[in-house]
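Below are two complexes that have chain A in common, paired first with chain B and then with chain C.
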Partner chain A sequence: MSQPATSPLLASLLDAPLPVSGIDWLDAARCENHNAFAAAGLPDTRVEAWKYTGLRALTQRSFASGDADAQSRVVDTSHFVLPGADGPRVVFVNGVFRADLSSIDALPPGLLLQPLSVALKENAEPLRFALSRHYREEGDAFARINAACADDGVMLRVATHAKIEVPIHLVFVGAAADADLAWHVRNVIEIGEGASLELVEHHLASGEQNHLATLVADIELREGARMRHTLLQNAAVGANLMRRSSFRLHARAHATLHALELGGALVRHDLRAQLLGDEARFDTRGVFMPHGRQHIDTQMAIRHEALNTVSTSVWRGVASDRARGVFRGAILVAPGADGSDASLSNKNLLLSTGAEIDTKPELEIHADEVKAAHGATVGQLDERSLFYLRSRGIPMVEARALLTAAFCRAVLDDLPNEALRDHLSTLLIEHLPA
Partner chain B sequence: MNNDTVIQETNIALRDNAEVAAALGRSYAAGFVTDIEMTSLPPGLSEDIIRQLSAIKQEPEWMTEWRLDAYRHWLTMPMPDWAKLKIAPIDYQALSYYAAPKAGPKSLDEVDPALLEAYEKLGVPLHERARLAGVAVDAVFDSVSVGTTFRKELAAAGVLFCSMSEAIREYPDIVRKYLGSVVPTGDNYFAALNSAVFSDGSFVFIPKGVRCPMELSTYFRINAQNTGQFERTLIVAEEGSHVSYLEGCTAPRRDENQLHAAVVELVALEKAQIKYSTVQNWYPGDENGVGGIYNFVTKRGDCRGDDSKISWTQVETGSAVTWKYPSVILRGDRSVGEFYSVALTHHHQQADTGTKMIHIGKHTKSKIVSKGISAGRSSNSYRGLVKMENGAEGARNYTQCDSLLIGKKCGAHTFPYMEVKNPTAIVEHEATTSKISDDQMFYCRARGISEENAVSMIVDGFCKQVFRELPMEFAVEAKKLLEVSLEGAVG
Partner chain C sequence: MNMLKIENLHARVEGREILKGLSLTVNAGEVHAIMGPNGAGKSTLGNVLSGRDGYEVTAGSVSYNGEDLLALEPEARAAAGVFLAFQYPVEIPGVNNTYFLRAALNAQRKVRGEKDLDSMQFLKLVREKLKVMQISDELLHRAVNEGFSGGEKKRNEIFQMAVLEPRLAILDETDSGLDIDALKQVAQGVNLLRSPERAFLMITHYQRLLDYVVPDFVHVLADGRIVESGDKSLALKLEEHGYAGIAERHPAGEAA
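Right after this comes the complex of A and B.
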């Protein structure tokens, strides 16, 4: 491999000191990933996974490592209060755990929820599988630097057969600081056999800032486990977020994800799921709505590796102004994964000249007893529908907003948490392009 | 069954035609065949070899330079590895880039019985079999004079149709103007290689306002057998003209060359229409994946003029490895691009094929219908790009990709790329993958249709949308071809 070109971004990320845990396997993994990051550098658009997301502008910037003042930053609690997410809450400000803002004292039985740093001190062994991974794929740069540098995050474990009724709220605040910061968060989540959990992951801004955040989450659902995951990404307009979540679903496990991607300057969401056990099921619903000069890239890869597994995916994109929305939805059915049923729909609205949508649904099928289908469209609001509304006295702007909202609503329709659903719908409407 | 009657009738018609043609074709029209030097070049690739090749073909200086430029560019390029193909390394220095045509078997008795059996199944007329099997030209009724008859008619219409080598000598201005203007010499690895060492191919020029009086086919061209492994085809349709071109043949052909890297360029000027149909049935290798042709093709059409139209139709059943993406650049306003494809892979065949539709002009339209059938241990991928550039006001694309799986060990993949920069453009893509359903099979079997026939019927229905686009006799042959290619896929 050729020597990667050095850039201010690469230099500043490599400059950060590696955290030392004193746990051999962890320090070794951090070192390994750090070396891999240093050796390969950042991907350019020739790397297939980054074809539509150029990092050139980002590589010219440098970020200070971590936030020493994170504990003292003033964050208005009302910012992150979410209707329908009133259970235990964990709050991170610029990647640093804030005990004063979190509420994890009275946890329901069967739920273990603590900062990763604490979990590592108490009992690191159960985290070994997730945290000793090496990221070897081309283009894994941000996962590598996260694995090397993240020293905190969320450790969440639900005991076998525990049904956690209250939603858990994970909050990641990007707070204004004197410098642009780079921070890394690592989440490890495990839902035990037959257990269930609702999780709300929430990214938001407190003041203007242009930080670079990376987040890597490993989510394991044991046999028969259920998880409802809602992701609300409403980061600052200038913020950069590189997020990767990897789901592993065992037999009869069922995970649903509702994602609303609204904020950020450059946002990349790598979403991976492995359906490892028979009859596992993964349902995703998402909206990405970049405007201004935002760039939101969602890369989803679902692997059906067992019998009678099901995945459904419904994604909507709306790009306006000079924004760019990128979507990849790859479905793989492994040899022998008979009875797999996979469907994916990605519809996009392109609302202005200068905006761009790039979409790439993929099917890779290695078994024959399967049903697999995908559809993707890029277009604009239906003229006839617009005419219908306008002929009934609804002004153009409102008519467009109505239709755009309706276009996105399908994604939220089956979110069972009603209060949260209503709130997200309101947010969506507020966020509609003018 | 109805279909069988149609096939029989068509075959009889074809045979009758061929008999008439044969009767006409007893005399050998000297002077029509391009002079073929009985020289061979030693294996290897270098500037010297290219100069010699160019000299043997009596090419002008500019052509030699053009080849050398391409070669120098090729040297700087890496072999592409993005396709979903497993390709054993190719030693380009071990290939011979010019070989005098070999004398084929002297009579049908010397031809591989397996090949004859395939002809039998396809219903290829007897004397055709000899020609296809490469039996020495003077031992069979060649289509020489058939070709000459056609040439007279074409000449009357002002259509130029000849081999590329001939065109370079006879019509250098036209060739120079258009060659490499759609697929530049450095376009991709295989196109660069082809530009450096292309052996021969077809050249078609339809002047302004002319509707080509017949469907053109390499079949009518005498030296078509020797186009070699690096075929180069150029079709130019001037303002308001119209041409339909058929490439290939349903009958299997044995070929000494393992590597084929062809380039086809189409240019459609204002209101011109080009329809290009291909049936590719090169040797796919045996059941164990040994042998077989590597088919790396760059095909691209350029709708340069307003209201022009380019349509690609392909039936791909042969070759061990296929790497092919016939594309259309929709430059002219209201221009139309179409791609209809059936790709069938069996045993250990691998195909990575699809199309690109680049919408540049206003109100341009494209339609993609791709049907992939995988059987045995094969791998079949559709890879396509639909791109709406900023100026593609009101452009429209519709894509449909369906894959059919026959067997547990094969793979069917779909990789569509959609890039949209214009807010008034509409792009739609749909894809499905499934196997032949048990219900369908049960229905057919319950009505006394054998398993093999049922599969072939269902596959035929699956491909109908594409077959409809083929010229009639091609369509009938294509159906038959799928049947033969799928033999042994069931049970």
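Right after this comes the complex of A and C.
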């Protein structure tokens, strides 16, 4: 299953010195995951979860470890200003926290927001559950190397019953450097019982670069917690981005995710949710829109593990040129999760003959009185609609853009943050292939 | 100059010849009705004139204000003033009716070297037209034709025509599937738009639309050609004797 340990990628990643925290359990976990990564290497396409995303080209490249100059890189702050995300902001450049670009001095009561490295020094114990994990699955290579090498990220905690009214903006900038870099970020987020939070996760580029970034996030929603999460992935066209977001939802917790996957060369998002408590709810809306030679892969896995849990998923893929989109939506209703309701829709649009989208809805039900609906389609723009628009005077290019934008509309329609929704809609239209 | 001059038009759909030497001349200000049995080529004519893909013109010519109409893309024909009211208007979920219509109007204005209408100006124009057409403005907030009844779709076509103000309007069986009230509304819309600068080509299977929109000329299209032309009394004759009589008077292969 593994690549030979001699592959340039593996060698360069293993070459990086492991961070040392002085916290026994953390250093042990880093070591363990590092060893697992060294032993198993990277998955090939025979591993089911990586069937449509080959890493062979990536394995032939090598990446320098971390960015020693990250603190001094000039980043135009106007790049990451987002309408509707004007609250506290945390900025990382090539995986390094930038206090000068962040604004976390005046936080609303009940919100703890700090770099993970600081949190580890102040009070590591609450982070133990998330950070002492051993990644054991076959496809876990990037989670392993992240667990071994990430020494910073975001620590965010919302106190019980605290309603945070302002959106929190997490910014991850990939900045141009002399070498191709590998950098790693680890985020730990916890929304307390009955608390609520709006979060905007934002990936973007500052200059051309071809880095390899891994980001792993654990997001825990306690009983009755509410979270609105918007993800804007607009990384450099050369960037390789390997992300994993794991949600755990306790009773009556409700998380909503709106995702726009636009940038990057090779992008992978493992999106996992466990509905652990009765009546927990997880709603996702997403668009992935690769063009050129981009490859964007979203692997979503939702587990209903308690009574009357609900998940709804609406995803749209649009691929043009020779781009490739991959979507897997796996929903499992575990024994005992009676009364669960799971729906999944993934519709895809191919705008050119060289483009490809692989979609795989999976539904596994082991409980009673479950409502489940899922569907996936791959198609082209409707010729009749195109002609209708053109017959009214709308030029071909504009007509195609109009129909493509309409195809994606269902995804952003119910985003409550209006300023952000308008901005993302505009971004999406600007991103449409000509 | 004639507004529209179709000469000896032959057209194929999926390899089958549908139009077989159709000739027709239309001048500004005139209303022409094209009648004929199913399969005669009525809709093919509308589709060829508006530039739909899949219709292959194998012979003949169509000149529009002296220009070769067949050489133009559909959007260029629209900008030049050709409008097709669809027999089956397409539902386009996710595209707002108002947004669509403004995009269309401004795209046409751009080609003609006119300034864009901003949303206020456009709304004013649309309100006027709605009032004249007696259409509820609720229609504006919906997606293009989505969930519209048959009658609403046809009225929306006429409303679009009113906003876009074409010079040559082709109505492809706009009367089909309408009850009498909807038919009257559609007819009223057409009558309001009649003007010395504008011509209409009304393609229809039945005579009843012509009770409300009185044509200057009536043509019978059969087996891909115009086989008979006359004034509105021809329509009444057809109503009385049906299309069967046409076939007897004009067996296939005979020139018009």
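FYI, the second predicted complex is superposed on the first by the 429 of 434 C-alpha atoms of A that agree within 3 Å, B and C clash if a C-alpha of one lies under 4 Å from a C-alpha of the other, contacts with A are read in each partner's own complex, and residues count from 1 in each chain.
The working rule: a residue touches a chain if its C-beta (ideal position, glycine included) is under 8 Å from a C-beta of that chain, and two chains touch if they have at least 3 such contacts.
Owing to the predicted nature of the structure, the values given are computational and were not obtained by experimental measurement.
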item: Which superposed partner A:Ala159 touches (first chain B, second chain C, both, neither); value: neither
item: Touched partner set for A:Ala38, first chain B, second chain C, both or neither; value: neither
item: Touching partner for A:Val47 - first (chain B), second (chain C), both, neither; value: neither
item: Touching partner for A:Ala124 - first (chain B), second (chain C), both, neither; value: neither
item: Partner touching more residues of chain A, whether chain B or chain C; value: B
item: Touched partner set for A:Arg384, first chain B, second chain C, both or neither; value: second
item: First (chain B), second (chain C), both or neither touched by A:Ala405; value: second
item: Which superposed partner A:Ile394 touches (first chain B, second chain C, both, neither); value: second
item: Footprint overlap on chain A, comparing chain B with chain C; value: none
item: Complex interface listing, chain A residues touching chain B; value: 48, 52, 335-336, 348, 350-353, 355-380
item: Interfacial residue positions of chain B with respect to chain A in the complex; value: 82, 388, 390, 403, 405-435
item: For the chain C and chain A complex, residues of the former touching the latter; value: 50-53, 73-75, 77-79, 83-84, 86, 89-90, 92-95, 100-101, 103-105, 107-108, 111, 143-144, 160, 164
item: Interfacial residue positions of chain A with respect to chain C in the complex; value: 382-385, 387-396, 398-399, 402-403, 405-407, 409-410
